[in-house]
């Protein structure tokens, strides 16, 4: 019998702690030549909104040292098209599917949760609170604890699925937000979303992204992500999912040791499309070689 | 006649906009085999406190992707020793010297400003507000606008020198802090200090830094720094000094175009100890070749 | 159409200068070579995975010879510089083949218009047209700033008529490559790759003559396989919501000109 | 003492394996070679500046021959791996010479104790002692896990008595290198470099005999020249404020044992 890699996130049991990060793995099918999605802990699909969004004008991405900036602008076909055209395909993939949702208002989030509720193909919801609240003058839901809590409650009220709230790192104290959403009923938190960054083309003196600013991801942000995961793991009693620059088995282990009970792979999928399933194998081998259980590892950092 | 590289920061005129960042250039003398400090816009010396500080136990530094974490712990010999043993040496260097100061209380900052006031060798003060306020339970001065403003006022009240307030990036909205210190009388702001990060040694399961967390610097943070400089340059009417991952002439230009009127070189000094004076030459050549003045460049980003 | 890709460890067979700033790299990469179609591209890791630069670089497939791919690339930055420094027997990770290639139209005359390094995907295309339609006419219009920049055009011959335009008149027509299209008539399909202004000009002429016109676009890419949505390019006409943009890596890089420019 | 440093573009003359995981690199680096003293080190850029890994790597000066430096290094991670892949005529940026080296004591007997790769700075030292004090006795005690790990000891001969200890007894004494010190008596100065537990053991024995003892320490470094304060090591005894730590790059890497361990 192999080693037990399963982890519990709310009412959801994942085969293993390796997930893919929203917006970096499409809807899973794009990666089918490289990864059997059924082998992963879960896939988190690209963020879905109530109505379709065109996304930002190009250029949308630019490379930086050990990272990249993106300003995709949350392009997606809306919940309707997602249900009609993506759900049948996701059923075939046989993966544990978590749907990342985003909105301009608390009502948007509630509506999305309600629409996803009847779908057996959807195992959980990841609530992206990095978006600006249109009604509150564009301040991001993720930066004000009360607003983050309200979104969380709205989603929980309309969903019996596992609800993960995805935290923004662009805050003074991420533990305050984490505690607020935990108290509001979140089953887990995932972190971090991208850091806000910018790049300028010196010749044209224009921002390299049409949107001026964008989200920084990749190995460059790993130290910040790991610190926040460590802090949040101390601050809340719900599972923490680590995200940010994870590329290698060593990175996965660092996040688990810091207190994450699962991790998401983002930008690394672009460099090695098979990385997520390689990391499942790598983790299994590591635990076998070191005769160590996943529970032994998680949160085992000695300070 | 060469091109005019001078910039005005408060009452201080710098020869050129290239400075070195506090904590990365010692007290200047360490770099004397590589750089004539008199050629630089200014050197910012390692942070000084009222009483000597031993600093943190080792390990204090760890490398990360395109960056490094440090937890030096503000080691310094205190203001007394600085005046006795470093000022005479700094006089010899013939450099424009800015002294970085740090404290546990508003009174500490005021005291440091008062002690530096009579020294002609000190051209300006850079106020590091990333330190925790011991009296207010350790919340960093740099994260609460009112506290940042109080520190600024205290220093300005005791100093006729140019006062630069150095902002922490570990906040939700850096423009709020920038505006607060500008209103409190700061002559300029410099940003960014390091992002807070962490690294774990997987074998020992211990943090790689004895202090557990540390400050992330280097090319990895450049996109975040540039974004914040751009935002702050829009938000305040005082000069902005850009810091964060600057390594090449292209980086210098990006920060100037984003709205910085000067820059500080930090981690890059470790990789190429002559980089700061090379950048002065590089900038001069660029402006000559492009028949462009410094004023044309600064804040010229077109969005 | 089922698009099949893989990641393959390619082995450099040759990496030689074709002019001052461009090289041709021949890579043993049998799986990708077997699947590739003209107009498709690969994403090349220019450094060992995990090292700088982080992202793979998109490069068109210039030719396929047996188990080998040829890439024709201009050195413009860190990634292509690392490629230029590779030696025979070095290996590099290649992801591909990617995207939708050119559709070989049923036409009497195929007119390939390349500007600068935009000639890269056209050789593979010319060979495929020759094979698929041995009796059709193929013309290459190659544009460059000067004769020093004229890349690999001899590889197109025989079987392809080659017309040249240079900005400085140092070879062929003195002027824009688009001006060479004045000489073309009949039942024509145009396939073009090069700077955007050139391709727009080509597309405008093609529309006037009611020729078919396929354009090969570039865009900054992260994944190369439709997952990141980074490579968006606006479609012509008014489109709502998620249909406002097409994605160069997956919907392209080759598009019908009318889909992009009204 | 005036310490003078420079950054020099060194050119690799030789880079050859000395055992499974260690190499010796000979680098033409005339300015640094001219200034170097035993026990000093250099900071080597393992990649082109600005590329991964970011920081330079500290390596002891193993030998100086004319205009050349030799570095003896063990491959342990990204930086040293890049060094191992360098070829003759490659160039690399070297910052040095750095730090305070060994002080050659006025003694009848100089005892050099190296553990594993810690032998690196001792060859340069042995040669300097031989030159400065041709009549003194020099003994090298070299420790390793097994005979496969015994590095370059033949380079010390003639003129240096060599005693060996291996953990597995595959060569010399079966046991710790510290145990070889039992055979040493007289007016001795000990110079040691290797794993910390070994050096602590050596220092304890030296103190017992009232020998002089100099230890060469390691610490993670960013600048290598006293500017970043990253390489701090705690001093023995109670010291207040900024004097609690010494800095390996500037105050060391060689320290009197008593300054570090009480």
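Remarks
Order of writing sets the labels: A, B, C and D. Residues in every chain begin at 1.
Everything that follows uses one rule, which is that a contact is a pair of C-beta atoms (placed from the backbone, for glycine too) under 8 Å apart; a residue touches a chain by one contact, two chains touch by 3 or more.
Since this is a predicted model, take the numbers as computed values, not measurements.
Within the contact network of the assembly, the step distance from chain A to chain D comes to 2. With centres defined by CA atoms alone, the chain at the far end from chain C is D. In terms of C-beta pairs in contact, A-C outnumbers the other of C-D and A-C.
Each chain gets a centre from the mean of its Cα atoms; for chain A and chain C, those two points are 35 Å apart. Inter-chain centre distance (chain B to chain C, centres taken as mean C-alpha positions): 47 Å.
Centre-to-centre separation of chain C and chain D, using mean CA positions: 55 Å.
Within chain B, contacts with two or more other chains are made by residues 65-67, 219. Multi-chain contact residues of chain C (touching two or more other chains) are listed as 52.
Arrangement of the chains shown, judged by which pairs touch: one closed cycle in which each chain has exactly two touching partners.
All chain pairs that count as touching, in label order, are A-B, A-C, B-D, C-D. Listed in rising order, the residues of chain B touching chain D in the complex are 23-26, 30-31, 33-34, 46, 51-55, 57-63, 65-68, 70, 72, 75-78, 81, 218-219, 247-248, 267, 269-274. Against chain A, the residues of chain B that register as touching in their complex are 64-67, 69, 143, 170-173, 195-200, 202, 204-207, 212-213, 216, 219-224, 226-227, 230, 245, 250, 253-254, 257-258, 300-303. Against chain A, the residues of chain C that register as touching in their complex are 4-7, 45, 49-50, 52-56, 93, 95, 219-234, 239-245, 250. Chain C makes touch with chain D in their complex at residues 51-52.
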